[in-house]
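In what follows, chain A forms one complex with chain B and a second complex with chain C.
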Partner chain A sequence: MSNISPVPQATPRKPWSATPRDRLNTGLVLASAILLSFAVVAVTPLKGKLAYFAIFFLAYLTLEFIVSFVKAGRPAAVDSLFKGLVTMAIAAAVTPIVSILVTVWIRGHKGLHLSLFTTDMRSNSFTDPVSQGGIVHAIVGTFLLVIFAMVISVPIGILTAIYLTEIRGRFTRPIEFLVQAMSGVPSIVAGLFIYAAILVPLTKTVNGIQGSLALAILMIPTVARTSQEVLKLIPGDLREAGLALGGTQWRSVAIVVVPAARSGLITAMILGVARVAGETAPILLLTGGSGAKNYNMFSGSMGSLPNYVWQSFSAGTPEAITRAWAGILVLLVIVIALFATARTLGNRKVGAN
Partner chain B sequence: MSNVEPEKNEGEKMETTSRSNSLADIAALHAEKKPGSQALGVGLEARGIHAWFGQKHVLADVSLDFWSGTVTALIGPSGCGKSTFLRTLNRMHEFIPGAAMAGEVLLNGEDIYAHGVDVTKIRLKVGMVFQKPNPFPSMTIAENVLAGLKLAQLKTENKDDLLEECLERAGLWSEVKDRLNTHGGALSGGQQQRLCIARALAVRPQVLLMDEPCSALDPGSTLRIEETIGQLSSSVTIIIVTHNMQQAARVSDYTAFFLSDGGPGQMVEVGSTNEIFSRPKDQRTENYVTGRFG
Partner chain C sequence: MSSQLIESPALPEKRVITTRPRFSDRVFRAVVTSGGLSSLLILGLILAFLLYNGFDTFRQQGLHFLTSSSWQAVVSDSGKVDVANSHFGIAAMLIGTLILAFIAVLVGVPISVGAAIYLTFYAPDSIKKIMVTAIDLMAAFPSVLFGLWGFFVLEGSAEYWAKLLHKYFGWIPFFRLDAPYVNRSPFIAGLVLAIMIIPIVTSISREIFSQTPLDRIQAAYALGGTRFAMLRAVAFPYARSGIVGGVMLGLGRAMGETVAVYTVLNIVYQVNWHILFSAGGNVASMILLKFGEASPYEIKALMASGLVLFILTLIVNSLANLIVSRTGKSGR
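On to the complex of A and B.
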């Protein structure tokens, strides 16, 4: 390439970006909207954070509309109004989430200390000073419950998705409907079902596996629906290519379709886990809440993070409440880590390893 | 394996003949390949094929013989049923919901639609290359080529030999021999399509169906695929659907022209490629091949 001719030089510019004057305009509109909201709150009987927000948004939308109208006419003004409404919707959606995260961090980090992750609550009560006792038993319990739930629900969920996308038999529509309906089942219903079907007639006591069964009921729809979406993304001519090479449908699905969807199926699995990791109602009903570590899923009461949080709040003293927030913080970090893993895996290109 | 070599030589000879563009040469080639004149038999016969999608009759009464070791091009405007016809030849038609068909397809004299026929065995003998290159994304180049063995649970004595042979026949060996264990997705579109051809060859099909194999490729890659078709034609019967009439003229020995007048598609005319392009019997064929419509 070097022997063609010297490359002509030029400076990259962005002629479409905002000029200083545009920025000044935007700044003025923002500032006036803020000033107006303070003024209105001061003068009228409207009070509280919500009033500031509401008046700010209304003032901002109106001012921005007027400025755009004067500057560029009606279509530009409508465009800016729409932009403002969308921004408002995002703020409304994100505020509570950020608020929850911040609150959990502020209240929970005081309860974090190293021994929290090395000791359990066998010889401590919830009202003891925060530095005593820990949540190892709860973390172990939550992991065991979730892993067993995963072992039960992931094969069922993925096979259901394969039925819905690959086999497409006569029952596709009713099953699709059932799976969708099941994803709306309240968790307490799953808990009560296991309670009535297993705990009362058979075991007559709490244990870990009952909790996992209830969680599995809640996980199956998430895994099945996400897997179905992932399998739908696999192009049809890959399936046809598998069949055209003399494969049976089963071998074509197993050798071509599922491996091509692998990273997406892992995402489905993790989303299912994240869905149930914080479930509380069925756990309270079915697994008990031992303060000691219990590695046996089939016998004995088993602690878990949601249960730890619930018991701490019930104890009610300031120490216990701090414990509860710390438990929530740990649980939240686990769930966020799982979602982040799912996203990273899901963003990978189909087929990449 | 031992009888592959002489066939290959013969293939190269024919290929050199078809490289030259003079019509006389092509005519001479057809004289050689006249059905029944030599060892060439009828490998695949379609008898009175009709096809439907739901209530829509899309293909009516197509009867066509494909002689072993020849290339047949199916041409015609979009929606004339040529791809549907192609897909009835290896029973891929039935995967489309609501599909129906009538007629017989004889492979080595036996109807592939007869009751009790193992359809996976049919598809081993009648392979297929698709419009868009579709290497399996989860597999390496080598795994892609050998995927058919895994899918159909076939055994082979020496996988490395088969791998090299198939890639060589598809004209891809020299380009990929140093990166057989990398993923097929990194190849160019044309290389991917030749990888798909190698994959189809690995189960040793008797017939290879190609559904517009070059429509997603640039002219350079198209030329390479056409060369590959020329080299393969001595050992495999090839049936190719194409919208590119120059391509039909370049690669095929026989050409069939399909047309739909709003109703089901029908075969208007079939003949040696030379005849179809220089002196077609039907006015509609002439209009089409001279570019006056379609």
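On to the complex of A and C.
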């Protein structure tokens, strides 16, 4: 046995990946576009952030176009131009998200303090210093409103989804269509409907359950559509196995299909909650905005986070505005937490527990 | 040999095989079907209650409700409603709704479709995952947040853009200004709405682009096409009508938005075609604005406005869904 020295292996080259020369090119184009934008802003009367962006954008596209034109001809140049455009589009789509998150944190964290989560606004006005008063009542209110909305909408939403995937009767097409149409109902219309159907003829005053009903209307389509997607993913084998063992349809849906889709259905529920937790317009019409804690959904004005934000914003003084941002920070944290939970659950394999 | 008949064991009773569902299944189907039909019930009830409450207004105002732009609820000294002199017309707000939704679509759709193309055909997997999550998260942002952000953050930049637009494009009638007030204008509210419809239009476009048949994509590349050539020859024709549907869904969202518009826009009850000028409104925000101090009589007129808005968004959304669902089928 002789010692064979290992043959040095050539690293496989991918023809589509960038060579150092390509990288140099890109770097040069970027650098000159940035330089050009600074130069133009310094020399011409064009000023401001917008000028930087606009000139950088135009310069980058033009330079990139010229470079690829020289290197590989017209089709390649058009291709790179288009790539530049769609890259700018994604940047434009993501910028507001970043801006919103940063703004909420910067303006909201000043209003955060411990007593915010232990006191309510019973004996404070929105224009008081920020350290006084809190949002317990609003958190309690939002929690109750959302729980009741969930209790109403989740059964309806999941039944609708089961009808659409399991029964598939003659109403399937119309119901699918109506659920989609329902997802476009403006939130103020849902509020007006509950106002006309319940507040005017029956209660004649604001209370929590009316808000929950309006939220439920907005939540049903989200729950139904997400659940439908989840149930569609359950393999037909499972249903057939249930039926082949002699189970009725009811048993095979209840014992096989729904448990297999459990985590997906929970995701649907959470997405529905995230959709309505910050809904403001119907809340303003229906629930009132008490500053004290109210655990009774069926009587009395019920505060909530969107309402708190709205009232503080309307009060308008610097203290009140800080309150509004702190309120929205809490609301946003809740929404993001719900969203992240839904994502984590939704990423699991369907059928796994 | 005696052949004794072996007494055969008693035959089991004949089983009746039937396709008729069991009792439990019939109950199950009835329950599920009635749950499924609840969406029909809810939409029907919304229509019925708004119509019932708004009927008086429709009867008294007739077509003027849609074509005139005055909103006067006259109440005499004794507290009785003066029906003859009260006028309700929502033309100004209807036009405002369309203007805002139009700006939103004009600005939001190119960004959304471009972003969807980037995410489907250009983005590396790691970036794609983050961006898709971020855009989906944006769909869950409460509208009051968009309103506040538009009011405190976007306003500052957008006023400057509005002045630029006016300076260089002032000769276009839409960009004319009769007075130097560019804050809280339909232009800025339209931009906020544009940002609000980005998630839905992006996610629908992305879904449709990702269904582009792979063999056609590879055929385009095999013929030596660049990525843009592939997009133009394969992806765009395939996705076109679906994107139109997605755009209309965005339009529906933009027409029904209440709180964000109320926060950002200076709501003035007049027809204002000059989108840079600080006055405007849409039906939804007008309802919220007038609701607080409305008399029962005026609330009926607001219910009628709500009905108009409801029907408008229902039509737009239904058309949109029809278009989107058709694309999905033809591609397979």
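Quick notes
Operating definition for what follows: the second predicted complex is superposed on the first by the 302 of 353 C-alpha atoms of A that agree within 3 Å, B and C clash if a C-alpha of one lies under 4 Å from a C-alpha of the other, contacts with A are read in each partner's own complex, and residues count from 1 in each chain.
Here is the rule we go by: a residue touches a chain if its C-beta (ideal position, glycine included) is under 8 Å from a C-beta of that chain, and two chains touch if they have at least 3 such contacts.
All values derive from a computational prediction rather than experimental measurement.
In the superposed model, A:L238 makes contact with chain B only, not with chain C.
In the overlay built on the shared chain, the residue A:T248 is in contact with chain B and with chain C.
Shared-chain residue A:N296: touches no atom of chain B or chain C. When the two complexes are overlaid on their common chain A, residue A:V185 makes contact with chain C while staying clear of chain B. Residue contacts after overlaying the shared chain place A:A260 against chain B, while chain C stays out of touching range.
For chain A, the partner that touches more of its residues is C, with chain B and chain C as the two candidates.
In the superposed model, A:S125 lies in contact with neither chain B nor chain C.
In the superposed model, A:P174 lies in contact with chain C only, and not with chain B.
In the superposition on chain A, A:A274 makes contact with chain C only, not with chain B. Counting contacts by the rule stated earlier, residues 248, 251 of chain A appear in both its interface with chain B and its interface with chain C.
Against chain A, the residues of chain B that register as touching in their complex are 90, 92, 95, 97, 120-121, 123-124, 127-128, 130-132, 134, 136-139, 147-148, 150-154, 183, 185, 196, 199-200, 203.
Chain C meets chain A in the complex at residues 21-22, 24-25, 27-29, 31-40, 42-43, 45-46, 49-50, 52-53, 110-115, 117-119, 122-123, 131, 133-138, 140-146, 148-149, 152-153, 157, 160-161, 164, 195, 198, 202, 226-229, 231, 249, 252-253, 255-259, 263, 284, 287-288, 291, 302-303, 306, 309-310, 313-314, 316-318, 320-322. Put simply, chain A touches chain C in their complex at residues 48-50, 75-76, 78-79, 82-83, 85-90, 92-94, 96-97, 99-100, 103-104, 107, 155-156, 158-160, 162-164, 166-167, 169, 171, 174-175, 177-190, 192-193, 196-197, 200, 217, 220-221, 224, 248-251, 253, 271, 274-275, 277-281, 284-285, 306, 309-310, 313, 321, 324-325, 328, 331-332, 335-336, 338-339, 343.
Looking at the complex, you find that chain A touches chain B at residues 168, 235, 237-238, 240-248, 251-252, 255-256, 259-260, 262, 350-353.
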